[in-house]
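First comes the structure, then the notes that go with it.
Read from first to last, the chains carry the letters A, B, C, D and E; within each, the first residue is number 1.
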Amino acid sequence: MSRFELYSPEGLRLDGRRWNELRRFECSINTHAHASDGSSYLEQGNNKIVTLVKGPQEPILRSQLDATKASLNITVNITKFSKMERSKSSHKNERRVLEMQTALVRTFEKNVMLHLYPRTLIDIEIHVLQQDGGILGSLINSITLALIDSGIAMYDYVSAISIGLYDTTPLLDVNTLEENAMSTVTLGVIGKSEKLSLLSVEDKIPLDRLESVLAIGIAGAHRVRELMDNELRKHAAHRVAKSSAK
Amino acid sequence: MSVLVLPGDNVEVDAGKPVSLGPGMYCDPKTQMVLPVNAGVLNRTDNKRGQTLYVDYDSKRYIPATGDFVIGVITGAFADSYRVSLSSFSTPVSLSYMAFPNASKKNRPTLKIGDLVYARVCSSEKELEAEIECMDSTTGQDAGFGLLDEGMVAEVSLGFARQLLYNNDFPLLKLLAKHAQFEIAIGLNGKIWLKSNDIKNTLACYKSILDCSGKQIGEFNEIVKKNFNQFTNTVEE
Amino acid sequence: MSLSVAEKSYLYDSLSAFPAIRPDGRKPYQFRPIEISTDFLPNSNGSSRIIASDGSECIVSVKSKVIDHTIDNDDLIKVEVDIAGQRDDSAVVESINSLLSKVLKPNADTLDTSKLQLTKKYSFKLYVDVLVLSSYSNPISLISFAIYSALSTTTLPKLVSGFDDLEVEELPTFHDYDLVNLELKSPLVFLLALVGDNLLIDPASNEYEVANNGLIVTWCNGKVTGPIRTISLNNFYSKGFDASLLGKGIKLVEEHANDVLQALES
Amino acid sequence: MSEVISVVKRRGGFQYPSIVDETNDIDTSDEDIEMEDVEKPAGDKKTDAAEGEIVTPGELVTDDPIWMRGHGTYFLDNMTYSSVAGTISRVNRLLSVIPLRGRYSPETGDHVIGRITEVGNKRWKVDIDGKQNAVLMLGSVNLPGGILRRKSESDELQMRSFLKEGDLLNAEVQSLFQDGSASLHTRSLKYGKLRNGLFLQVPSSLIIRSKNHTHNLPGNVTVLLGVNGYIWLRKTSQMDQARDLPPGGSTGGYPSNSGPTGAKSLNPSSNMSITRLEEESSWQIYSDENDPTITNSIRQTISRYANVIRALAYCEIGITQERIVSAYEASMAYPNIGSLIERDVMESIGNDVINGEKMRGNGGN
Amino acid sequence: MAKDIEISTSEQKFLLEALRQNQRLDGREFDQFRDVEIDFGKEFGDATVTMGNTKVQCRVSCSIAQPYEDRPFEGLFFISTESSPMAGPQFENGNNTGEDEVLCARIIEKAVRRSGALDIEGLCIVAGSKCWAIRADVHFLNCDGGFIDASCIAVMAALMHFRKPDISVFGEQVTVHPVDEREPVPLGILHIPICVTFSFFNPEDTEENIKGESNSEITIIDASLKEELLRDGVLTVTLNKNREVVQVSKAGGLPMDALSLMQCCHKAFGITEQITDLIIEKIKEESKERDKYASILSSENARET
């Protein structure tokens, strides 16, 4: 495990970042206008994620019809080639993926104004083309972007990030190597608030360190929100300019 | 004199008199033997016209029987009727828009999905969806049925619900009434609806009913007192 | 897509006219424009993404693994297709999978996999994973173009250990960062719709609905090869066709495949 | 470029052509992230967002309680927030945010084109590309045998012989249900089953609501622009021609109030009378047979129109009759209709249309 | 779980109103965990946990198996949490892909297995070829909420209660000594994770939750079934006595202020301490009970030697 120096005495991480630095975060929206109502493509570090939102539309199954609100369905497709080593088996029905899907649905159920779209289905399809740590957080960010692109009303952004704890130093936005070597916390934050929609700790972490990790995480998630917001505004300004020119 | 019977037990029937069988009793079409099919207390009434036999047994799963008072939750609304659930995971029943007092094609009831209704089972054919009504269908008048607004529902066994509704000597309601004023609707499907002007009183009644279910009558007083004490601190000794 | 009877008969009459009038005015041999990106998955040895103008999209990843071909003598190329919204055991996925594994069957004439042999004992095995993100008609042609683009840009680690290793216990070793281009040219698959006496390349989804039959033609290294198949494109108009159309179809592909290849290469 | 296929290649990147903005490269290398640093003043400090301003979800739009809150907003106490990414619209006291994208939402009076998806109990379900399917009640269509005919039970049984799954029709949104879904009607001769042509689809935002959505185009082709973005191109029919004549031209002498709206301005020279039309509106209005006289040149013209409409959509230009005609004219520079599907050609046609409008000095709204 | 239990709007409103008035349906305080009862079966590794009307049984068993290729020095450890209609009609037989079933299984997995509560290196017999495979089967007997918390206690109690047969190894040769021949040996327990589940309710509207400053959300511990059905959000915190957070899962649901979540974690620690002590005490009592016989046996043995 200590083949690598995860955090050097000079305060540098494996990929040269400092403890509080995000990975490269690049996103675009409206990437699949033909195939969906809203779409996004996100690269967070080496995570590469395509998200398609279809709907609100007529439910495909009777069981998806709710007379009071829209049903939200999220499918996460982690491709076999997404990791360095190609996985032999499909990830489709893995419990870990089912858990992720449930967590994502429950995160967005409270943030999307589903009551505005009764008797409809909002179907979200995510394809993970490549993964490199903190995948759950990246999924949340990519869904937020695609949902906003689709014009579906939501209360606020949900932005998410994973933080590792290296001894006593929190490391923001972990990659796979870091994630495998230390305890990580993933959190999903609502807008600019300090309210957490999602919080997930999967390994041991001292109780008395948790608070500081959360604080860093919230700050990081706010920064992610800002980056997403920038892209959205840029896109919007572009669209507005284009339509007013004509 | 009550007798405990088990399915298949021998039950003496006076062959000379007409016999009517109630719930829990069965007459073998071949042998004409009268057999209990449920475990419970055998009730027997003899009079000049004949004898009546039924088994009073307790169970959890409610099966609609015509004439039963029930409490249901509206789970769907169709063109001309509501779909009502009397208990979770059992077949829903239907409540026609016309089964309300003063109903007409123009004057539709205004229940919403999730609302509670007090109603009576008006048709319960085995092969068909059972139907319930919110009025006295013989007179077409209001008979105290309809929407149960607010309040809380306690779920008890069917036998306990029957005791509460039919047994005038059953002490629980009187005990509760000593402590608080409340409204109650008893559904034979094991749902008891309660409402009072104070949420704590309702809670105390709710918990007392749940706690008393399955206990000896002698313990009721203590249970009720304890609960009112806990929720409202107003029990004076 | 379900079309109305009137739409279908309008389309059928237009497409079976001579010359055929396609709803978007294309020539019988004309493809719709496509967009291709390659080399965007650093974790894979090769990758490509192809988007057609109707929004159909597929992504291909090529990953390699070193195997001992004296033990594991399966085909050196393994292809797997995943179509979004379809179960892995659905008929569409299985039929495309089976067709593709035939298309990518190593064959000295068409798909020369000798390039994958590293040493006397070891070879690279390539895993070609296809993800169809969206498609409005049979994506087979698009997939074959994407695989072609991915394989032609695939790079593999450079071998530094010796070729003759039958007696050597060690695994082959590779250069730390030098890569070699694989330069494997995989076959292209063409889908033609038969309407009346006309043959139409790259049928759009509405053309699909009125085709009397479909023809799958594989082309590699300047000539038509197997598999050649018919494929029913709809349930309504499907019927048998004159054998001469088969020859015409093959000829049509022979005439224009090189243009496609050049466009993919450019 | 090859005539067979055009390929745009991108190497070494999975980029989207969306917006590559040089000025906004995200540079996190020196970002110190600490709690206090994160609050960015932009956006939230202002109290009143201006008309046309861009807002994103969760953003405070105004803290002035005087505004009525419309679509795309929600509020807590005096604060009004945006729930979508879009631009602010202020109409009188109504404040709403118009999202950049979104599905078509029907409004009463919209002329739409739809496809039957389901035949149900006294109603058809119609796909109009909205959030929900629209409903077409049996009572909201003209039945064979005249407009005044009463509907009978046998009509319920033969609904599928009027309209079946897959059938295309144009209709008007008659009313909206509480959940926002539409109820359609075709009780006018200008609505009903569509024949003699080709269907295509564009984003609904490109179709602007106007008085008239049916236009006769040069080349004997008529276009129906559904507000929902569904478009039908067909050979111009006698009825289409009749509609284009001024209403005063009618000398038929038939009382104009006895016919349906669409029948008023019929061409007298075509010898078509309202009574005739009523007969016409017998079974024929539900026929699946196309006009046998559609020539190949009309078919080619329809394909050309389809391509220029796609070109306008590709350039995100609002689609109007004038623009279709202008784009059609511009497209004549390309004798090969098939070449119109190439991106550069579509762009050039789009530019021609815009420049033409600028030259004429009236940027078509 | 419990997807199709129909609950009326009245009940929903009542519960929320009661919570606003600081009342729970069963009269408990908001942060009061139900009394936990632990009963052990006759066999080693059989524990039943009762919390109110919730009842969960865990049965631990062992066998000898081959270790994973990539982990030759570790034994195998499986936990299976399969629900059946026995626990309540809302559970389907053979279908464990429901949202709550998956979450429950994953949390127990993370809390106990992933956190290394069981010393799996101690299960190695012959590196690379033989090891102990320990299996914990959780059975849900009755459902009145709190499955995760109860299951975790049951698994830990059963693991601590379990004894595996003693073995002797000579090279590749392994001899398993029957229990009546040699005293069976307990498993190596490295720490005792305890799950505490918090349920959140929003007494205001969503706008207040998202944009308001009031943090008026209500938090209760160890919800009963009715409370579970009506809650807006849930948080399960797993801790051990060493002040280590083992696992935290808030899989969406009502957004909650980070500080409130921290408070939950601290509260959970208090409960963790109590329950850990309870388990240890119960285990001690139980072994004392067994030792009554053991001492008789050992005194006999003493006489023989």
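Going forward, contacts are C-beta pairs under 8 Å (C-beta built on N, C-alpha and C of every residue); 3 or more make two chains touch, one makes a residue touch a chain.
For clarity, every value in this text was computed on a predicted model and none was experimentally measured.
Touching chain A and chain D together: C, E. Hopping across touching chains, the smallest step count from chain A to chain E is 1.
The chain with its Cα centroid farthest from the Cα centroid of chain A is B.
The most distant chain from chain E, with centres taken as the mean of CA atoms, is D. Closest to the middle of the protein, by Cα centroid, lies chain A. Set against one another, D-E and A-C show the most C-beta pairs in contact at A-C. Chain geometry summary: the mean Cα position of chain B and that of chain E are 38 Å apart. Chain A and chain B, compared by their mean Cα positions, are separated by 51 Å. The distance from the centre of chain B to the centre of chain C, with each centre set as the mean of the Cα atoms, comes to 68 Å. In chain E, the residues touching two or more other chains are 207, 210-211.
Of all residues in chain C, those touching 2 or more other chains are 40-41, listed in ascending order. Counting partner chains per residue, chain D has residues 14, 58, 74, 81 touching two or more of them. By the touch criterion given at the top, residues 32-36, 46, 48, 50, 52, 77, 79-84, 86, 90, 92, 125, 127, 129-130 of chain A touch chain C in their complex. Partner chain D is touched in their complex by these residues of chain C: 2-7, 9-11, 13-14, 17, 21-27, 29-41, 49, 53, 153, 201, 206, 256, 259-260, 262-264, 266. On the chain D side of its complex with chain E, the touching residues are 58, 74-76, 79, 81.
Residues 97, 99, 102-103, 105-106, 109-110, 114-115, 206-207, 209-211, 232-233, 235, 239, 243-259, 261-262, 265-266, 269 of chain E touch chain A in their complex. Residues of chain C that touch chain A in their complex: 40-44, 54-55, 57, 59, 61, 63, 65, 80, 82, 84-85, 88, 127, 129, 131, 133-134.
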